[in-house]
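In what follows, chain A forms one complex with chain B and a second complex with chain C.
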Partner chain A sequence: MQEKQRILAVFFAAALLRIATSLGFPGIHAVLDQRVELTTASSSFKQLREGLYLYKMGISPFDGGVYHQAPLLLLIFDILQKYCGSIDASSIAINAVYCGLDSLAAWFLVKISQSGKFAGKQKLDGWIIASIYLLNPLVIATNLARSTSVFSNTLIFGAIYFANCSIPLSILCLAAASNLNIYAIYLLPPFIFLWCPTKSVAKCALSAATFAVSMAGFTSIGYFMSDGSLQYLRSTYGTLLFFSDLVPNIGLWWYFFMEIFDFFRPLFTYIFQLYSLIYVLPLTLRLHREPLFAVVTIMGITLISKSYPEVGDLGVYIALLSLYRHIFTNVRYTLLSALVVIHALVLAPNFYHLWIYLGSGNSNFFYAVTLVYAIGIMLILTDTLRATLRIEFDGGEEPRKAVAQI
Partner chain B sequence: MALSPEPAEAVSLRRNVVFSFWAVFLFLGLPLWYQTTAIHRTPLPLSKVPKLNALLESGLGLADHSLPIAVNLDSSCVADAGTVAAVNERLGQSLLKSSGDRNPAFTIKVRDKASDEQAHAAVETAYEADCTWTKKTPLPKTRISKTDKISIYIPEDGGNQVDRIVEGLESIFKADILFFNRHRLGSVEDAPGSILVKGSPYSEQVHFSFTLLVAYGQDSEQSLASRTDSVLDSQTQKSWRSQISALVSSLENSELSRYLSSITYDSDIGFQYISKSDADMLAGSTVTADQLSSLMDSFELQPVTFKSEDSAEVGFFQFIYLLLPDSEKTTRSRPMSFTIANWGGVILSPALEIASATKIFEKQIDKLLSPVSFILTDPTTGSTSTLRPMRHEFARIATITNLRAASDTLSALSHLVTSLKEMAVPQTVRDLFDSSFFEWRESVAVLHGRRRGAYNKVSEQLSLRRAAAAARVAKKAVFEKNMMLNMFVPFQHKVAVYLPLLGPGLVPLFISLKRVLKERRNQQ
Partner chain C sequence: MLLRTLVACLLLLQSALAYREKLDLRPLPRNSLLASFSFSLASESAPTPDDISHYGLFPRSVGQIIRSSHATEIHLRFSQGWWDASEWGSLPEQGAYAGGTGVEVWAWVDGADLAEAEKRWYELVNALSGLFCASLNFVDSTKTILRSTAPSLDSNKYLFHGSLPSESVCTENLTPFMKLLPCKGHAGISSLLDGHKIFDSKWQSMALDFTADCDDDSCKLVMSQRIDVVLDVLRSLERQKHSPVPIPRRVEDLMCDETKPYHSSEKCFPLPTAPTVKWLISEIFGKPIVSKCALETVGESEASELGENAGYNICTHITDAWSLSRHGGNVLSSFASKACFSLNENEEFNLAFDCSNTSSVSPITSAPVHIQRSMTGRGQQHGGIQAIIRNPSPTDPITVTYFETLPWFMKPYLSSMTTHLSGPDTLDLSSIDPIKNITYKPFMERVRSTHLELTLEIPAASTLTLSYDFDKTLIYLAEYPPDANRGFDVSPGILRVVSQNDEITYSMRTSSLLLSLPTPDFSMPYNVIILTSTVMALLFGTVFNILVRRFVYEEDIEADKKEKGGLKQRLLKRFRKDKTEKKSSVKSAG
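Our next item is the complex of A and B:
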């Protein structure tokens, strides 16, 4: 009971924090929405509202480079506006939706940690796991910025949770998450192993086919919303895949594409996309006994290699890593990687401000910080992967001697 | 402590992982790399381009070069038979062919020695008086007919008579229409009171500059010092401007509109005084009609006098060459002197007869928009005559200008493509090239009268339009965006990009493949 009470207390505190901040500082949403670290062209709430306005006016929101997000979000917010009135960032309806989504995501996490997957292993208490997600400043900031990536993150957590109890729901959640965030499709191979632990070819094929049909179903929403046209694919997924909207963000793409010759632009686009894709199958095969950890690792790789990353993705990754308490004893570079990431996150807004507003810096300042950020994430990735493989090598046993940690 | 052998499952798993990396690299990476970096060079029919130039050089708009000629030597000339033969031979190598037994179409008279100023080829027509072609008033003829007689004056110092004769004839027969064009279609900017007349979309811009010089009577008390830049009062200026605007509108609706795409009146008309000396100017003395006339004389210009409806005489000058403020001719001009542009005119009005001047102005601009009139003076007799080329030559000139521009542009494209072997040539460039070439051929066909029958007003417009399209499309082809943006990237640059991009990924791939193959060999 104490455990349950603690969990509820964390949920309550998180919700209170979010709502109080929203009501006490209504302008904070607009300020945070402007931050390139928190929102991008694929998750900006302001762009979503512009797209919704155009949609209601009968103008296609996918023309003109205004709106690059999934049509499903337009549908959701259209319904929300119809029944709840205002969809202003600080309105009650939006507050409730975003708080609810975060709470749901945390609930999924807690349930995943309590599932059989982690039976017999060292794990953190449910309230700690919930706290790591709900009280993470990165997650809170992303929530207050009203980034639409909250939707896809919650759906991914749901897909992982439902993989234990209801595979159709899990498939549906992953299809919806992929529809909202195309990079979630990279999680399909490890999820197939989650859905089919026996690795029966027939079952795997059926799961994949079901996913494809669900994905097509969600994609068709956009087709019907665009009056029978598939032009919206260019504006939504095309922007993510071909990096059409050249805007600085916490990722590694924008600086390259500002500098390279046009001759090499298609090559770089494909190579950068290939870089995140190439790890999916090998990781899934190598971690076939730990498909959930493959999901976590692939999410970590896409965190730095996708075209429009956000710091909220790091919050999600850390929350998922918190499920693997038992590997922490094998991890070596905890302090180093934590400090690198924290330094990068502190310096990024300062250097961006120097560059854009004060004019006393330049793009190299900000890009250097994003490189440091990527190095920190890679340190965490390689360290945790190494720790997992080491435990696997030792037959799942704890290390015989203490691992020196930096 | 010896390590236990790795289980077979682990080895197999590692092999699968390595092969999955290689599968993505080979089946996705390599095709994408090839697709995105291959240089697509659409073949262009570059062999057609020199033929364009040849067709143009063969005298598209020039005289019949192959007419037989004969050289009749004047008894007073110093040329001898040897000189005549040498002339014929040289001319035969250049443009003309000797007559042989045929009746000569041209008779070359080698006349008496003339002054150095007259020592150039002159054109003499059957129905016009002898004219002198001087350095200062070049008189190229656009078309020489069979009735033309050619007179060549040999300079006093003799020199190489053969060279002189040949040079003179070559100058005539190679009288490039562009030369004619250049002197007629020059532009003047910042000229006071200029009216910008834009040629049709197919020809160059033509600027007309008109300055109203008003002579005041002796008894005028108005002084310059009391005047601002505007000479006339605001009401008169307003009246003048409104009449000019009306004139501009009427020009747009006139027959001349086929040469003009738009006429805009873009600047105020400036009025300036000319006086005898700076002191007079500064002191603000008046200017009389005599003073104006004498100034015009100093420019060696012949006024054409018109009588207006109310019998006031209005003088109008036409110029065909440009006088710059610092040129020799205007050294005597004052700081407030004007720049007279070619195609310009100065209207002298003895009084403030704006209405009359406007009417004369309207007539003159009509003439000016026609091919220019050359005022020719015979140095020997002093008589003057006017040479008026055919009106439709304007369109023809513009057509040929565009055709030359198109062929030059296509030549440049040909040179660009052949010299830069690694430059991409997209299909759009080929389409534009073909389009330009087609328009070029069609324009020439119309010029030659092979379409729509004889060359008439309709066909001249069609030819002009096609020639302009050829020039425009050729330019588009050279500056095609995809070709220019991807100019070319040398192989060394590509290696410099590929190595750091692909190298760090390829090294572990190859090492892991090597290990897998080694394990497989050991297993076997």
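Our next item is the complex of A and C:
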């Protein structure tokens, strides 16, 4: 009883915080939306509104360089606009949707933790897990920036939650998430292990096929929205895959592709995409006993390796890590990695400001911070991965004896 | 529309005229002088389009370009400087021949489909680039706008438009311009065209219009060339005297700005002009007119229309305060407001202007619309564009079309477009939506630029403020010009006043804008490749290291060590083993 009330209190406080900030400072959405760390070409609310505006005008939003997000989002917001009128970032409908999505994600997270099926046996209290997600400044800022990645993040949480109780729903959630954020498709291999724990080939194949069909279904929405033209594939997924919209972000891509010689650009585009893909199967196979941790680790790797990353993804990653309380005792560089990431997050806006607004710094300042951020994420990733494998080596027991890797 | 006015004047010329040249001199306030040179030329009618023997005086180089590109109309504008509409009124010929800063080209091209027409258009701009020594070959798909299409007899006509706002117009463009003239600057009014004088001006616009006027069985090519230039008379005279050091003006020569609050008999805010001025054409243009261009002909229709002014070459538009004295040539008419002269062959012509009051100029018609465009915002991430369009007419509303192209590295947000009307209190402006129509084609990275065309209606004596936001993107290192921090030029917007029956009555350009983009560190490519790759390799190495290596208890290692011995012992063991093996092998060999 006590536990439930605490969880409710966290949910209430988080919702209040979001809505009060939105109503108190209606300008905050536009300010946060313009922060390159928070929103990118794949998640900007301003660009979504432009896409919707063009769509309403009868101009195909996919036949242009502004809108690069999934057609499904356009459909959702089109319906929202039809029934709620304005889709201003601080309007009631948008507030309700974004607040509801974050709460839903946190609720999924608490339920995943409580079920104890996938995650570790040692768990944090539900209200702590909820507050790690809901009160994380990165998550709050992403939500207030009205980043559309909130949709795909909630769907990923949903996919994990439903893997426990309703596999078709889980498949649908992952397919929708992959439609909104193409990198979620990397989660398919570990999810197949989640969906069919018995590892029967027929069942695995069936769920993979269902995923493919539903993914195709979601993707074909764009085909009907743009009157039978396949141009939307190029302007949405093509942009994410080939990195054609060159805008600074917290990731490793932008400066590299800005500086690289023209001749090598296609080669390195393939290499970078391959780089983010190459981890998927080895991690899934090595962590086949704990597929959820494979999901978490792959999400962590895409934090660095995807073309348009944003700091909100880090909030999601931290929230998912909070399901694994037992590895905390085995991680070695908690302080170091936390400090590196915090440094990067504090310096990024400052260095960006120095470069873009004051002109007293140059692009290398911001680039250096993105490198530090990547190293910080890398420390967390490798540390938790090692800790998990170490615990697995000990048979899930609390490790007592010292080990070495050979 | 511009084309219609052109066609109208071309029809006039068509009757019998082959070549005609005119110069209009109009003194403007504050000792400026507007000189409008116009040259028009038509080929003979060729029975078939492939017949090349009927060009007459028409330059064959242009004729071949028109033939090969299947263009029915080609228009080129080379402009520089700024037309001060508040001082000088409306543009010459209602702006039909005025271009925006830099080079502008537009053409109607025939083609079975768009792809074919586009191919011809790129061939055309490349050919023109060579002919006019301009960077027109840089008009690629990102700088081309397809403005409209029209069905023609057996094919379609496409109107392409391209502009290069950063092109600096100079002597190398004037020389090919003069080469197209029959007298090539050796005689006639074109002998006044000297690059040093024409480009030392407050504003100048060079226009070339070519039209292929074809009917069923014959084709006729028509060319109209024009230079409008606003010269600073005092500066030209100073240059003439070769005085590099500015000398303070005498008190009698000063003109004071009487609107200043501190103006009195002791205090004077000097205006940059002189109350009286005296000059010769040869002082302003560097030389007198050599003689009449012998190839000029006056058509019958023009003779009947203009009466006694027929065949004039030079006209001045002045007031009573000015007196003229001529050297050479003939007087055709000498009204106080307009005096016209014709040239004679083998006789120099010069004209002296003597003015007792330079503020007295022939009446100026004010422009029907004013526009001012600027960039708003700060920083290099995003900004806004604001266009302020004013309708000065106290009684009539006007309809204008506003055409803008933005380079692809500017990402405009049409959803952020706002309009604000302000005007007299008698009008209820809040209920009026000034935007009547929007044509919008969004940009595509590295493929095409944004095309925005608005039809606006502005109530009488009102001002419309149009604004929208845009984002700036980064571009690849190699796409930055050598002077990357100077910024990028954004083409001038084109504003056209449309009359009730859809005719263009006035057209004008805004100034071009300078867009500054965020720049990378240009010395970094190798460093970035090395550093980014290192971080990626670090993650790759660490993750796979953890994944593939197996865990062992340290105590097991200890046990293993004890069993096999330490490193030293193992090495020794190995060494001994090798030695004994070697020995045995040596033995066996022996």
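Methods note: the second predicted complex is superposed on the first by the 396 of 406 C-alpha atoms of A that agree within 3 Å, B and C clash if a C-alpha of one lies under 4 Å from a C-alpha of the other, contacts with A are read in each partner's own complex, and residues count from 1 in each chain.
Everything below uses one rule, namely that a residue touches a chain if its C-beta (ideal position, glycine included) is under 8 Å from a C-beta of that chain, and two chains touch if they have at least 3 such contacts.
Bear in mind the structure is a predicted one, so any value in this text is a computation, not a measurement.
Counting residues of chain A touched by each partner, does chain B or chain C come out ahead?
Counting residues of chain A touched by each partner, the higher count goes to C.
Go through the superposed model and pick first if A:N362 touches only chain B, second if only chain C, both, or neither.
So A:N362 only meets chain C here.
Quick check for you: in the superposed arrangement, does A:W254 touch first (chain B), second (chain C), both or neither?
The answer is second: A:W254 touches chain C but not chain B.
Could you tell me if A:P282 is touching chain B, chain C, both of them or neither one (first, second, both, neither)?
In the superposition, A:P282 contacts both chain B and chain C.
Kindly classify A:L267 by the partners it touches after superposition: chain B alone (first), chain C alone (second), both, or neither?
first
In the overlay, answer first, second, both or neither for which of chain B and chain C A:S244 touches.
It touches chain C, and chain B stays clear.
Where on chain A do the contacts with chain B and the contacts with chain C coincide?
Residues common to the chain A contacts of chain C and of chain B are 261-262, 275, 278, 282, 286, listed in rising order.
Where on chain A does chain C make contact in their complex?
Residues of chain A touching chain C: 34, 36, 46, 49-50, 52-54, 57, 59, 63-66, 244-248, 252, 254-262, 265, 275, 278-279, 282-283, 286, 301, 304-305, 355-357, 362-364, 367, 371, 374-375, 378, 381-382, 385-386, 389-390, 393, 401-406.
Taking the complex as given, what residues does chain B use to touch chain A?
Checking each residue of chain B against chain A gives 13, 16-18, 20-21, 23-25, 28-29, 32-33, 35-37, 424, 485-486, 489, 497, 501-502, 505.
Considering the complex alone, what residue numbers of chain A touch chain B?
Counting only chain A, the residues touching chain B are 261-264, 266-268, 270-271, 274-275, 277-278, 281-282, 285-286, 288.
Note which residues of chain C are touching chain A in the complex, please.
378-382, 408, 411, 413-416, 438, 440-446, 471, 473-478, 518-521, 524-525, 528-529, 531-532, 535-536, 538-540, 542-547, 549-555, 557
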